[in-house]
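In structure tokens below, several structures.
Shared between the two complexes below is chain A, which has chain B as its partner in the first and chain C in the second.
Coming up: the complex of A and B.
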């Protein structure tokens, strides 16, 4: 099949998203906005305890509560709850107030059991073993040691060595639209659900499986949705409960969305990361060896591993990782799973070693990239050496941040406000799945539709499909209907791993090319020309470059039958594997510990960019997400009571408008990069920000601040510890 | 005081004060004050012909210039009433306790958090949600669209409404004033760069510049 157009009219320009005005005027209907006739409201009883046995439970008072139409028990007498927020029962009632009253009416008695809710508490040999039968010791699953070369020998050969303990806390997704869906039965075996999901088809299949009905009888609709960040890939227990309650209530629709506290507790989180790292290098700055022991918690379900070493070439290395289990909600994928943690740990150690060597950390980094770092091409024309890409990107970024102004660690003046600079590198895949399909329809009235069972989680996926169609057909973007977010359409990509755009763009392009070819076949005879002589531009059909007929008139020639084509993935239109670097400038008040991020610079490649406007937004958003991780976010658990202390949005801190620094985004978009085809951008730009900020803070204050976020407490503790006051 | 009690520091602490003989007197003073305030409040309520509401009550609200009627409970928030009873779903429920601004609604010209405002307290007031805003080139929604001041869009109604309310009182804000004006709102996708651009562009457009 053909490659992407060589001189595109629309691709790569800044195009506002198709659903932007609907969203900005309150007209877009989110799954949580749906109010179908007869709607019932769901509410759930969840465990207030971190660990407890249900001594008795009586749902009858809920069933008798005013306005209640259905009650479903999830956990029975004798069952054990393992985290605050674990779902015990659900009700559906005429109003949400009544549903909540009914939940409160449930009679339940707990036998509270000993809990562990922090990593330190879980690993303490004096703490109880709360996850029996999993083969754990001290609530910890030790992983195998991954070894390469001779790590001990490598460290012995080093001229300079550092040893560091670094950590980053558990954070939660805080999707603004809570998890949930509205379910409605039409007859005994036909189900419709409006779901806030990143994967309409996964959600549909789960619902079909749970109720043992044909997948074709389930329709999941997600026209727009309010954020997922990796935590919304299925129906979830609450989605299944909504459908079950609806079934019990004679098919009346049931809306079940989590409240804010429940979101924090039960709807996913990014695991913590703790590391003890030894890293050594020769005096000319070549890494000789690394030994790292790491652990982290993914709550009650594990999954806290992360990549390490990260980005840099470390031939002699060993790494052992342990998953720590705590009485907390399970981890879920969160924007570039594992990478932000790996980046923080690696880049902190890199900076500390550069400082010990007395070397510019930028130069030290460049010295330790592999000579060749060839990334998966996914069928793209020429191999890419990511090391060369990094070298270019770092040069550009250093210039934009003013790296030359950076002073060595701890030499930032005598006043209380210290300026610092830091940097970090990251990488990601972001390739396309080869099994997705897009349909294209050209109707006799000239309207055009592309459709597939993917969804737009705010990335701009809907707009991207329309841009591709408009490019091929010589139309305006707004003339294309991009019909997605419906599970009954042809297989579309789940929105995760930065794979949506690279998965969906090739089949979309192929579908529209095929539709155009068919149109040319049909109308060429009527224009007295060969199909090969035809082209499209500015709403006109051209014969050998000369406008002969309007688009609408050409489509009218189709009579009653629209053109319908199906596009599949072909290699060469998308690729996998990106790199990027970020730089941070901060001002730190060493008397209060308050960090002000002054400026962030991001240089990022991602192959061929389809919509520069939504691409920029994704990069800005990734950086701001990373800024939250770097400065503010932390799930705070109380070891004594076992509950989360900040399951809200005032004590769980997120940046507001006044916290946003100057952000400079530079797309690394050379001809070589464009030739690679489309690559996803959702995740890469969120990886390096927190690491770069932490390194900038350390550069400013003169001592390593080893624990993220860079909160006043962590900054002041680091300063005090250096003065022997901790 | 016994001998084992810690020695008071210089000056009396509040605890020592209350513990001492003046406790009874202090309580009496406070009680008198509270009683007077309660009596005054009761008189005010009587003068205002206030009534105790309970159970379900019928409520008429002026929403976007339309009279809308529904049944609510006295505890129902304005936000839930708009969204669940009146199908006015522009304002969103996110934090449900006045920290994120997604529910921002304009009541009698002032932006409020509708998630912590009781619906029954809005009777007779002019309620505006972003559905009533100008969607043309001079409106705030258009500026948010053109400057990509949104991604998933769930915080957007709150930002758009807060922005409109800010521009109504300050038609020519500086960037710093825009930041302050929108600090009551939180975006998780990280769309602030587009939001700030959009707010400045909207200010210009509203003046017809």
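Coming up: the complex of A and C.
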């Protein structure tokens, strides 16, 4: 099978996304913008309590409420709700206001039950056992101890040891477009849904399964969508409810999108991470042992595990992890699930140990990479040793941030504003799935379409498929119609795990290569040439390098029949396994605890880059997400009432434009990397940012700030505790 | 949001008629009321829109001579654009410039800023201003990171939400209120009171009254504000201090020090004022005033960090008033 072009014209250059202008100008229609004729508006009754039994529920007042067309109950009398935001019933009405009024008209009585909403509350032996029947003590599921080598002995051998308690809170996805879909029945067994989803086919299959209709009768459309980050993989209960309400309302379309509060409460989150870490090293900086006890909460249902140790080679280690259950919405995958937490915990401990050793933390990190860390070759000519890659990346990043200006922890001058530098390493997979397909059509009028049932969650998937087709056919990117976001097309990849581009690029490439071959077969005789003599460039068909016919004229030779080909995955075009490092420069005001991030540097590999512009955009977005995790985000739960206190975008804090630092992105794209083929970039660049910022803050202020985010409260508390005040 | 009647009167007098004092709310920029209505924290039967009343907007007077009269309906954007504001009242200018976002400044009014309801997350979750449940304070037992550190023996633990009230109190500003019995004029600090029991309001202005204007006298000396906030963009101050220093040569002859974010009212620190009187403003005297400002602070379980933070903002506001911005060096 053919490899990627050796001297590409388009691949690897900076190409604006095809729908960029439409998105930026507001013309793009997102699923939540779809208002088909006859639209009804959905609204849900959700639990205001963290834990309660429904003593009685009467939907009749909602049914009789003005403008109401359908009501569906989810929970019946006697059912138990386990978190604020759990859905109890749903209504469809002529207007959003009427739907909300109807929801409020539902008569419901709760028996409020004892709850636990914070990790400390859940684990307190005095707290109620809320999750009975799961065989838990203190609402905690203890994991097995994972042991390797001789951790205690390793720590005993250490010349220098540190012991740290670190934590990062639960955060939520805060997708700009909320979760939801608009569902519409055409007859008793045909359903269309405009869904904000990362997986059109998963959503379609769920809808088909729920209503027991053929999967081919369900069309899920996601032309564009406003962010998912791992939280939008299916129809979800609210999507099924929209379809059910529509069915009850004679097929009228029902729009059901969550409001912002419900997004925070019920649409997923990243679990918290708490760690007690002991780490030791020889005086020349070789780690001898690590013992870590960790826990976290993924809410009422989700787990909270994360990788630890992370990146570095720790031969003598033990790790025990517990999942703590609380009466909160369940965790969902969130951009590099587990890795940002593991990175924070590991890199904080690494930094503290480097400080205790009196060693440059960059040097200390390099000393503790495995000698050989071979990642998936993916058909590349030579194995990739990630340790070597990290060494290069760290050198580049250090140069770009000005690491030489870094001073040892706590020696950053007498004034109130202290400058600090920090760094962190990360890794991810990002390989492709081998079972996806792309169709390519070359029409007699010269138009070209590639299509598949994947979707663009913002990563640039639509543009990337068009770039590949344009590259092969010698056309401009805008001449290609990239048709995705439709569940009825050939199987496409669900967008999770940074897999969309590596899954979809190979079948796209193969489909377009096959279409080109078929075109050459058909027109070669007309040019008096062999198919092997033909090539395409600049909208022309070339024979032995000489332009003979325009693209359009060549396609016209097809008569009435377009060329239609199907491309499948072939090995060698994509690979798995990436690494990267990030550096942060911060200014911390030690009299206010306010952190200003001055600069972030990211050095990242991801094999062959198709579109440098959307690639950079992914890295910028990842860093900004990581900066929010580092500085601002935190789900705050009230222990007494069991509710989330900041289920909004006001006290759930997120960066605004003026909080964004200078961001320097450097693709690590050597010839060796390019030869690996395509690897996904969505997740890796968000992993290390918060860890690097925390380490920079600690370097600036002179004491470990052990709790994320780096808020004035957490920074001032760390400073006070160091002075024995707290 | 509950359905409501809507009135958009053209004069203050008609507005008074529409504000029946029972179940009505005045709407101006809407940056607070609309969110409360959406969250069912406030569900009035009638909303009285004030922005049609031309007489309520606009600024008159000369800031450098005899002071300014600011219509309650003046937007923060218009206030900030007013010539001379920054020179005469840097304390007010600084505080106004740090409110919200450009969009919010274009909508929000100075009157609405003074009369917005507390941002306490227990209040906004529908637990009432005092947030008491079964005789216990949700705030005291809960997450009180953004709550008061003074007057915490009582049950009103929220912090007064107006960051403009603080410089206005420091500058000795007054507000004029129109009611059924005519106009009355009171100092800005008398707009606020500490609620003692459920149902008490933190504002002294009646629900059937109209805030008409704010009169800021000529500054008698130097003034400044300093605000500490977590985010650079769109955020509330954690704490803020406004100071107004009357000078006799190099020495402070009189001082006003008012704090935001520490109490259920704009909190005047008489101890800090006393510490400044008769002193020249130096790093040491500013630090001494800052220490004095937090004497008697009784933080709650999670907001002890506000004590050092309050010291910092007092010190910086005092120094900023005399042009020493040491933290920018």
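Operating definition for what follows: the second predicted complex is superposed on the first by the 726 of 726 C-alpha atoms of A that agree within 3 Å, B and C clash if a C-alpha of one lies under 4 Å from a C-alpha of the other, contacts with A are read in each partner's own complex, and residues count from 1 in each chain.
Here is the rule we go by: a residue touches a chain if its C-beta (ideal position, glycine included) is under 8 Å from a C-beta of that chain, and two chains touch if they have at least 3 such contacts.
All figures in this text were calculated on a predicted structure; none of them were measured in a lab.
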item	value
Clash or fit, chain B versus chain C on superposed chain A	clash
Touched partner set for A:16, first chain B, second chain C, both or neither	first
Partner chain(s) touched by A:457 [first = chain B, second = chain C, both, neither]	first
Partner chain in contact with A:216 - chain B first, chain C second, else both or neither	neither
Partner chain(s) touched by A:60 [first = chain B, second = chain C, both, neither]	neither
Partner chain in contact with A:658 - chain B first, chain C second, else both or neither	both
Which superposed partner A:670 touches (first chain B, second chain C, both, neither)	neither
Larger contact residue set on chain A - chain B or chain C	B
First (chain B), second (chain C), both or neither touched by A:224	first
Which superposed partner A:146 touches (first chain B, second chain C, both, neither)	neither
Chain C collision site on chain B, chosen from 6-14, 42-50, 60-68 or 168-176, when both complexes are overlaid on chain A	42-50
Shared chain A contacts, counted only where both chain B and chain C touch the same residue	97, 655-658
Sites on chain B touched by chain A in the complex	73, 75-76, 80, 83-84, 87, 89-97, 99-100, 102, 129-131, 133, 135, 140-142, 144-146, 148-157, 160, 178-180, 182-196
Partner chain C, residues of chain A touching it in the complex	97, 100-101, 415-417, 589, 591-594, 596, 631-632, 636-641, 643, 645-646, 651, 653, 655-659, 711-713, 716-717, 719-720, 726
Chain C to chain A touching residues, read off their complex	1, 3, 101, 119, 121-122, 125, 127, 133, 136, 138, 141-143, 145-146, 228-235, 238, 302-305, 308-309, 312-313, 315-316, 326-327, 329
Chain B-facing residues of chain A, complex	16-17, 19-21, 23-30, 32-33, 35, 41, 95-97, 174-178, 224-227, 229, 259-260, 457-460, 613-614, 616-618, 620-625, 627-628, 648-650, 654-658, 660, 663
